[in-house]
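First the structure, then my questions, so here it is.
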C-alpha cells in the first residue's frame, strides 16, 4: 500500500517534472496549428537547464529582493501545487488543500513578482507591475466569488471535499457550476498571462505584462521564474480538473492509483490541446479591454453564487 | 345574455363595421348608435343581471363602473361627432384617419367594458391591454412631433405598467394554487374571493405591490404618471375625455378588485396605507404642478392626476364612508372632467391653440362655452353646489376622525389645486378677450347633461342611488 | 429534484445570463442577436415546462415564443435597424460597471423577495418565478439605461420574456397561451409603432433624448 507521504512526494516531484512538458505540448499544438515545425517537446526542459548553467547578470541597483524573489516565487507556487489533489486525494498535505490558501499563495507569488519588477526601476518593469496589479484587483475577487460558489454548494473550501462532492450525485447539473467554470477559465487565463490577456510568446509588444516584469532577469533566476510560470499553468489546470472534472480521483487500491495517474495525464493533455487551439483562434485584447473581460468573470462568479440559492436543495 | 351582448358584442361589431365605412358622417352616427345601445344594455343590468359565469361577472360593484363607462362613452360619441367634423375641415385629420378613429373608438369601449365585466383576472388583464393599445393609437393620430412623442411615452410606460400587472396576476394565481389547484378556477374572482382566507399572505402582498405599480401606472398615480399629461394634451379631445373619464377608472377598478381580495386574506398587509400614500403624493404633487401649466389640456390632465389621487386616498381610507365617498368622487370626476374636456375641445378649436396665454374672456366672446367651462372648473375645484363638493367633504370629514394629519395634508392639496384652477379660470373666462373669436358649432348637449348630473348630485342625491352606492361600498370592505 | 428540475433551472439561469448580455451590449445589431437568443432560450424553457408538467397547451406557448420572440420580432427589428441605418453604438446612461452591478443587485433582490414567500410552492415553479422576476427587473434596467427606441424595445421584450417564463413556470396556470398571444400582439404593435410613427424620419434619430426636447410645454 502506498501511504500519504509517498503520494505527496510523488506528486511534488511529478508536478515539477511535468510542468515544462505541459508548456512544451501547448507550444507544439500552437506550432502545428500555425503550420510551423515548432520546437521539440523537450525544448522547455532544455531551456531551463541552459539557463541554470548560465551566469547571472544583475543590474547595479538590484536589491536583495530582486535576488531572492525568484526562489520565493517558485517555492510559493510549488507549495500551492503540492496541496492540489491531482491524481489522488490521499495527499499528506490534503488538509491544507484549501482554495483560499491556494489563492493566497498565488497572490503572494504575484505580489513578489510585481515587487521584483519595480525593484530595478526600469519603465518596463513598472508598466508590467502596474498592469499586473490592475488585473489582479479584478481576477482575485472573481476567484473568490468562484470559491464562494463552490464552498456554498459543497459546504467546504477544501479541494478534496469539493472533488468528492462533485463526484457524488448530490452535485447534479447545476447551472451555477457552469458559470463558475467559465469564470474560472477566465481567471486562469489572466493568472497565467495567456492570450487574450497577455502573450507569453513575445518580448516585443508594448502591451506585455508578465514578460515586462521579468525582463531584467537572467541565468538561474530566470530559470526559476520560467519554471514557476510553467508550474502555475499546471497548477491552475489541475485545480479546474480537480473541481469540475474529478473523474478517476479517489478510487481505492493500487489500480485506483494507476487510474488516477492515467486520467490526470489525459486531463492535462486535453487541457494543453484546448489551450493551444484557443490561443491560436483568438487575438490578443487591448490592455484596456482586459478589465472588461475580467469584470465579466467577476460577474459570472457573482451570478453563479446568486443562482446557487435557487438551484437544488431549494 | 342580451344586455351582455349589447355591452360587449355591439362595440366589437360596430368596430368592424366602422372599419369598412368611409363616410365619416355616417360612421359618426353609427358610433353614437352603438354607444347608445351599449349604454342601454348596461342600464338593464340595474334590473336584471346574468348569473356569474366562467368569463363574465356582474355584481353590485362593477355595475357602477359599467353604467358610468357606457354613459360617458355615449356622450363622448355625441361630442366627438361634432368635434371631428371640424378636425376634418381644418385639415388636421383626413377621412382615412377618421375611419380608423371611429373603429378604434369602439375597440376602446369594447376593451374597457370587457375589463369591467371580466370574471377572470387573466381576461381582465387582456382587456386592459386592449384598451391601452387602442388609446395609444388614438393619442398618436395627429402624427405631429408632440403627438408621436406622447404616444410613444404612453406606449412604453403603459406597456411596462401592464407587464408588471401581469406579473402580479401570475403571483395571485400562484398564491391561490395550493388552495384551489390547477385550472381555470384559479383565476376566477368568485372562486378567488371565496378561498382568499387560506392564501399565502406574503405571496399575496408581493402580488399586490406589482398590481399597484402596474395598474397604478394606468391610474396615473405619481410617480408613474409621466405618460398622462402628454397623452391627454396631444390626442384628440374626445380621447382626452375618455382617458380621464373612463380609462383611469377601469385601471382603478382592477386595483379595487385586488384590494378586496387582499382584505379577505387575514394575514395579508392592509393595502390601505400603500394606497393612501400614493394617493396623497399624487394629489399634492399634481396640485403644485397645476400652477405652471401653460397648455389648457395639460392643465386639466394634471387635475385628473390630482383627482385620482384623492379617489385612491379615499379607497385607501376604506370603511363604509371612505368607500362610498371614493365611488361618488370617482363618478363625479368622470362626469365633470369629461364635460370640461368637451368645452376645452371646442375652445381649442375656436382659438386654434391650446396655449392658455392666447385665450381669454371666454364668457364674453363665447358665453355658452365660457360659462360651461366656468361651471366645470368650479365643480372640479370642489365648490358647492356641485357633487364633487359633497364627495370631497365626505372624504375629508370621514378621514379626519381617525387620521387627522393625513386629512389635513389632503385638504392642503385640495386648497392648492383650488387656488391654481381658479387662478387659471380667471384669465380664461373673464377679463379682456384674447385669441380668435370665430363662431363655434358646439354640441352642447353632452356638456349640459354631465354638468346637470353633477349639479343634481350636489343638491340632492336620490335615496335609491345612495343605497346602491352604499351597497357597492360595503363590498369594498 | 431530478434532471427535470436541473434543466428547468439551467434554462431559466441561461435567460438571466442572456439578460445580462443584453444589458452589456451596446451595439444594435449585436443587441438584436442577443434578443434572438433570449427568445430562443425562452422557447426552450417553456417547452421544457410543458414536458415536465405534462401540459400540452404549453407547447403551443413555446411555439408562439419561438416564432414571435426568436424569429419574427428580432427579424423585424433587424429590418428597422437596416432601413433606418442605425448600426452605430447605442448611447447608454451610466457606466457599464455600475450598470452590471445594479443588475446583480436586482437579481439578489428578486431572490430575496421571491424565495421566502414562495416556500410552499413547487420547487420548479419557485426557482422559475424567482429567476423570472430577475429577468423582468433587468429588463426594466435595460429600458432605463438605453436612450434609444430600439434599445428600449429590446429591454421591454426581455422583460416580457421574463413574464412569459413566470407564466409557464406557475404550475397549471390557465390562459397562458391566450396571455402570450395577447402579449405578442402588444409587442407587434410596439415594433410596428416604430415603423408607423417613423421616429427616424420625423426626428432624424431614434434617440429618445431628441424626442425629449419636444416634451412639456411648448412656448
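To keep things simple, chains are lettered A, B and C as they appear, and every chain counts its residues starting from 1.
Criterion: a residue touches a chain if its C-beta (ideal position, glycine included) is under 8 Å from a C-beta of that chain, and two chains touch if they have at least 3 such contacts.
Here the structure is a predicted model, which is why all the values come from computation and not from measurement.
Identification of common neighbours of subunit A and subunit C yields an empty set.
The two chains most heavily joined by C-beta contacts are B-C.
Think of the whole protein's Cα atoms as having one middle point; the chain whose own Cα middle lies nearest to it is C. Averaging Cα atoms per chain gives one point for each, and the point farthest from that of subunit B is the centre of A. Look at where the CA atoms of subunit A average out and do the same for subunit C: the two points lie 38 Å apart.
If each chain is reduced to the centroid of its CA atoms, subunit A and subunit B end up 66 Å from each other. Chain centres here are Cα means. That of subunit B falls 30 Å from that of subunit C. Put simply, subunit B touches subunit C in their complex at residues 120, 122-123, 125-126, 129-130, 133, 136, 140, 143, 145-146, 148-149, 151-152, 155-156, 159-160, 162-164, 166-167, 170-171, 173-174, 177-178, 181-184, 186-187, 200, 202-203, 205-206, 230, 292-295, 298, 355. For subunit C in complex with subunit B, the residues that touch the partner chain are 113-114, 116-118, 120-121, 125, 129, 132-133, 136, 140, 143, 149, 152, 156, 159-160, 163, 166-167, 170-175, 178-179, 182-183, 185-186, 189-190, 193, 196-197, 199, 202-203, 208, 211-212, 214-215, 217-219.
Residue ranges of subunit C in contact with subunit A, taken from their complex: 1, 3, 5-7, 9-10, 13-14, 16-17, 20, 24, 96-97, 100, 104, 107-108, 111, 115, 123, 126-127, 130-131. Subunit A makes touch with subunit C in their complex at residues 172-176, 178-179, 292, 295-296, 299, 302-303, 306-307, 309-314.
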